[in-house]
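What follows is a set of structures to go through.
Heads up, the next two complexes both have subunit A, just with different partners, subunit B and then subunit C.
Moving on, here comes the complex of A and B:
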């Protein structure tokens, strides 16, 4: 019953998306009225919302005749976990994906942009929506019925049931990924729309900012989730799925910068970066949803691989054909001098593109080498540490240089860098002489000090210049980046770990923290066996009890470690229970001290806050009407 | 030079020197770096995802760390040890791929990306003369007559034809998805990246070769947990027998014999174990082994044992 209803909504969505694509093309090519096209877009978003609602209802009502519920639902699963299991497996997450995509399409449809540019962009978005609805309806229908109807299901993957971040991480990531469809569509539409295409950059900015903010927050939450749940105490392993989310973030960041500074001189850069961002989103979807790459959190075993690869190739082809023969507007402004922010932004673009290329080849190399040479090659964190990390430190330095070059060709800008440079050298000297964090961490500390000092100077000089929201947003985001660098460098350089099997009453020690195993308790709750080790942790002059656990989920035959983190102001004490002796007399415990991890999360939050502020600023500016071409920004004051 | 200026120079010079010392100090490896950890950090744990042998908690990684430590103690170089592991477990045991063959792409692609993006940036930065810029603008811009605000819109039959072609394209997209979805179906699950059990067994055999039967037996037990198999169980029994744990070997082999009472290898191990635990029963077990497998490689040896 629910299953048939769901299949019907998917069919309606496929029909609506196809109609929308055709009607928007009519608007663009034949100047037909836009009202029917808008109606088709509305129908599509309603169908997507209905499909998600039906699947959610089936999950909540434990209707195991629906395939997705039979595979991912369970009577023992709590209500919040049941709600989030909509996106805990491939087919359901594809529905959420379509809903977010159609949401963007509906929002874009309401805009009053130049009509031809708008219609072409809507046609592009609708074609993408058509493809994903076709996938859901024809290849990965979660509503297919199951015979015989099972009595109970296994529940979602237990790893996904432990942390509140899991409730918001995937929707945020999708909001980030799919928001990038708008700059992509506008970049493709611009050369088709002739003179109307000139303004596409300004139109794309709020969308890109919204997507970038969501993507930043999503990546940050994902790192937090793997830190708090996976039990090995790390937040980033250069795993293919993590890389897939980083790739579009890198190019979108570069796009935000080149689109802001330099204007028409960077026309080709802007088009290529906008297209690359969404193509990388699609490529990431292919990598993580086709089973091509095994990963901690990839959806494996799916028939969607060839189809998604086809879409990637189609997008690349369209981008090459359209953006490649783009009408490059003659540069009306004289070339900016070498020491200007435009140059800094360009160098930033080069570095970010290189990092993206590095991460991309590292991610796909294992896929490429096996069919070519028959030899399986693994690319570990060591590769990225030697390639991407130095480039990232250079990007951070650049973030410190750029604000000083406020005005084009300002020689005083170089002098403004003296104090930050002195701060960086002092930091390197102090840290390098008092400890041995290793070369990468030391340079990261120096670069962070450089950037933070420069930003502080910028803030300090603000009252005279009346700080605009856009400047404040940039300061926040760049300071966030510097803090992230400090957190990553500090936790990887000064982290300490020990792992031992201890009997009850024995003590583990790392640095000045000690943990004494007090007891091992077992219990069975809600169909899962839970073992908890009670440890008395002493450090920083205080003592508290921490109880890491081990869950065994018989329905999926998996054991899950539930680490416990004791968060201090400057460092986390991280305890994982790895194994327990059968008699309960001893336990294998991993004790880690991770300094500066809190700084990392603060930095991520600051970056997202900066993105949000810039998004608000760009919306307000748009409400005040189009800006004069020479000075693109109206002044928006921050309520002090 | 004003005193203030020279003071500033002095401060900068002092900072530079101190920072250089800090960097130098940090780049040389500290006294506490463990060579075993360095080598193990370059090896990938075959049973885990994304963890190095140095960091992983799995028993395989522990055994591999042990092996690294022993080889280092024998005076082998880290490169030799890495080669030893590659020969046994394949290239993907290395955390970082060697820079040769297709793996060169890993270094070539970033370099090319840097060069290409850098060249594009240089072209953007180069000052352009107006006529050159107009020439670069391409045919679309040149075709446009100055002063006409209207874009070159296709009108009439051309636009209509374009519309039909693009609608056919959209329909084709849906049809292509439908056809492909019908053909692909659910593929067989992809083979796991490396069979952890096979790697465990290989490692256990290596340990047996080094006469470390206790460690080998522990790994066989590990492998059995993932893959209950009589062959592995027999190897476990052999290893236990050689580790002087005859009682353990007997227990292990009796499980095999309970399933297949005629297993010659099982009877052989049982008989040899019984020679230590219950010498009275050993001859009859070994005779049964000889009648069942008279041409077994160990048969001659057993006959000699029984005759003596």
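Moving on, here comes the complex of A and C:
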């Protein structure tokens, strides 16, 4: 019953999105009224919302005749976990994906941009929406019925049931990924819209900022989840799925910067960045959802692969044909001198794109080597440590240089860099003499000190009332980046770990922290076997009890470690229970001391806050700001 | 604005530098996948670090202090694995596993990293072995 209703909503969505694409194209080509096109877009978003609502209802009602519920629902699962299991597996998360995409389409449809540019951009977004509805309806329909109807389901993957970040991480990530469809659509629409296309960069900015902020927060929450749940004590392993989220973030960051500082000077470069960001989103979707690449958290084999690969190729082709065309109007502004903020930002953009390229190569290399050489390989973290990490340090350094070069050709700017440079050298000397963190960490500390000092000097020198939201946002985001660098460098350079089997009463030690195994307790709750090790942890002059656990979930025949983290001001004590002896007399415990991880989370939060502030600023400016570009030739006025 | 030929040269230099960077970084950081059959057929290639996937042979798992010793099988070929460190709780006889390490001179595979494969819809999965 619910299944049929769900399938009907998918059909309605597919129909609505197709109609919307055609109608918006008609608006663009024939300057037809936009009202029907807007209505089709509204129909599409309603269909997507209905599809999600139907699946959610089926999950909450435990309607196991619906395939997705039979595979991912369960009567023993708590209500919040049932709600979030909408996006805990492939087919359901694809519905959420379509809903977010259509949400962006509906928002963009309400804007009053220059009509032809707007209509072409809407047509592009609608085509993308059509594709994802087709994917849901034809290849990954979660509503297909199951015979015979099972009495209970296994519940979502236990790994996804134990952390609050899992509730918001996927929706945020999707909001970030799909927000990038708007700059992509505008970049494609601009060459088609002729004169009206000139202002697309300015129009794309708030969308990109919103997407960037959501993506930053989503990546940060994902790292936090993997740190708090997976039990090996790390937050980033250069896993293909993680890389897939980092790639569009890198190009979107470059786009935000060059579009603002370079302005219209590098029109084609900006168009390429806007297109690349969304193409990388699609490529990441292909990599994670097709089963093409095995990863820690990839969805397994699915029939979506060829379809998604087709969409990636289509997007690349469209981007090459449209955005690759020669500029209609070459840049008229005079070239900035070599020593200017524009140059620094441009170089940083090139560096960010280079990082993205190296990460992309590392991610797809295993895909390509097998058909080419017949060898199955995996690219280790060492590759990324040699390529992405030094480049990232260079990016951080330049991020410290650029704001100091306020005006073009400003020689005083170089002088302004002396204090940060001295601070950086002093930091490197002090850290290098007091400990041996290794060259990458040492340079990261130096670059962070450089950037942070520069930002502090900027905050100190600017009169309070003149510090606009945009500048403050940049300061926050750059400070966040520097803190992330400190957190990453510190936790990887000074982290210590030990892993041992201890009997009750014995003690593990690492650095100045010791953990004594007090007891091993077993219990059964809600059809799940739980083993907990009680450990008395001593360090920093205090003593407390920490109880990492191990769950065994018979429904899925999997065991999950539940690590416990004792968070201090400067370091985390991280305990994982890996195994217990059958008699309960001993346990295998992993004890890690991770310094400065808290700084990393703070940095991520600061970056997201900076993005949010800049987004707010760009909205406010648009509301009172400059009128839309001159000559609104044929104004298509429709009540939104 | 930099002149066009100069810009092309700059792009070429950047691309060359990027290529060198990638090629240099890939050296030594690639890990090859082998099946137990391939390891037995060409022991020399498994002397460097490789990943081997297969099924943990039922009845073959023994614990020797901090070591776990078991046989890994795939398509009728078996190798003896000596794993340092504690295998995850989900490590079980009859299930798939991927080990990372190298083949020692005595023909025993010394692994320091072990990943268990799950049959889950979604979750920590590792590459299914070749073949």
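Criterion: the second predicted complex is superposed on the first by the 621 of 640 C-alpha atoms of A that agree within 3 Å, B and C clash if a C-alpha of one lies under 4 Å from a C-alpha of the other, contacts with A are read in each partner's own complex, and residues count from 1 in each chain.
Throughout what follows, contacts are C-beta pairs under 8 Å (C-beta built on N, C-alpha and C of every residue); 3 or more make two chains touch, one makes a residue touch a chain.
Here the structure is a predicted model, which means the values were calculated and not measured.
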| query | After superposition on the shared chain, which partner residues are touched by A:12: those of subunit B (first), subunit C (second), both, or neither? | reply | neither
| said: After the superposition on A, what does A:550 contact: first (subunit B), second (subunit C), both or neither? | reply: second
| message | For A:109, using the defined touch cut-off, is the partner it touches subunit B, subunit C, both, or neither? Pick first, second, both or neither. | response | neither
| field | Touching partner for A:89 - first (subunit B), second (subunit C), both, neither | value | second
| query | Touch check for A:378: first (subunit B), second (subunit C), both, or neither? | reply | both
| said: Looking only at subunit A, is it subunit B or subunit C that touches more of its residues? | reply: B
| query | Who does A:350 touch here: subunit B (first), subunit C (second), both, or neither? | reply | both
| said: Under the stated touch criterion, which partner chain does A:365 make contact with: subunit B (first), subunit C (second), both, or neither? | reply: both
| said: I'd like to know which partner A:157 touches here: subunit B for first, subunit C for second, both or neither. | reply: second
| query | With the two structures laid over each other on chain A, which partner does A:101 touch: subunit B (first), subunit C (second), both, or neither? | reply | neither
| task | Jot down the residues of subunit A that show up as touching in both complexes, subunit B in one and subunit C in the other. | result | 265, 294-296, 300, 331, 335, 350, 354, 357-358, 361-362, 365, 375-383, 387, 499, 578, 588
| note | In the complex, the residues of subunit C that touch subunit A are 1, 14, 18, 21-22, 24-26, 28-33, 51, 66, 85-90, 118, 120-128, 130
| said: List the residues on subunit A that touch subunit C in their complex, please. | reply: 71-72, 88-90, 157, 159-160, 230, 265, 294-300, 331, 335, 350, 354, 357-358, 361-362, 365, 375-384, 386-387, 499-501, 550, 552, 556, 558-559, 561, 578-579, 588
| query | What does subunit A use to touch subunit B in their complex? | reply | 14, 18, 21-22, 25-26, 29-30, 116, 123, 127, 130-131, 134-135, 138-139, 191, 193-196, 232, 237-239, 262, 265-266, 268-269, 291, 294-296, 300-303, 305-307, 310, 314, 325, 327-331, 334-335, 338, 343, 346-347, 349-350, 353-354, 356-358, 360-362, 365-366, 368-369, 372-373, 375-383, 387, 422, 424-426, 428-433, 436-439, 442-443, 446, 499, 578, 588, 590
| field | For the subunit B and subunit A complex, residues of the former touching the latter | value | 11-12, 15-16, 18-19, 21-23, 25-27, 30, 41-42, 44, 49-52, 55, 57, 90-92, 94-97, 101-103, 105-107, 109-110, 112-114, 117-118, 120-121, 124-128, 130, 133-134, 136-138, 140-141, 149-154, 159-160, 162-163, 166-167, 170-171, 173-174, 176-178, 180-182, 184-187, 189-190, 192-194
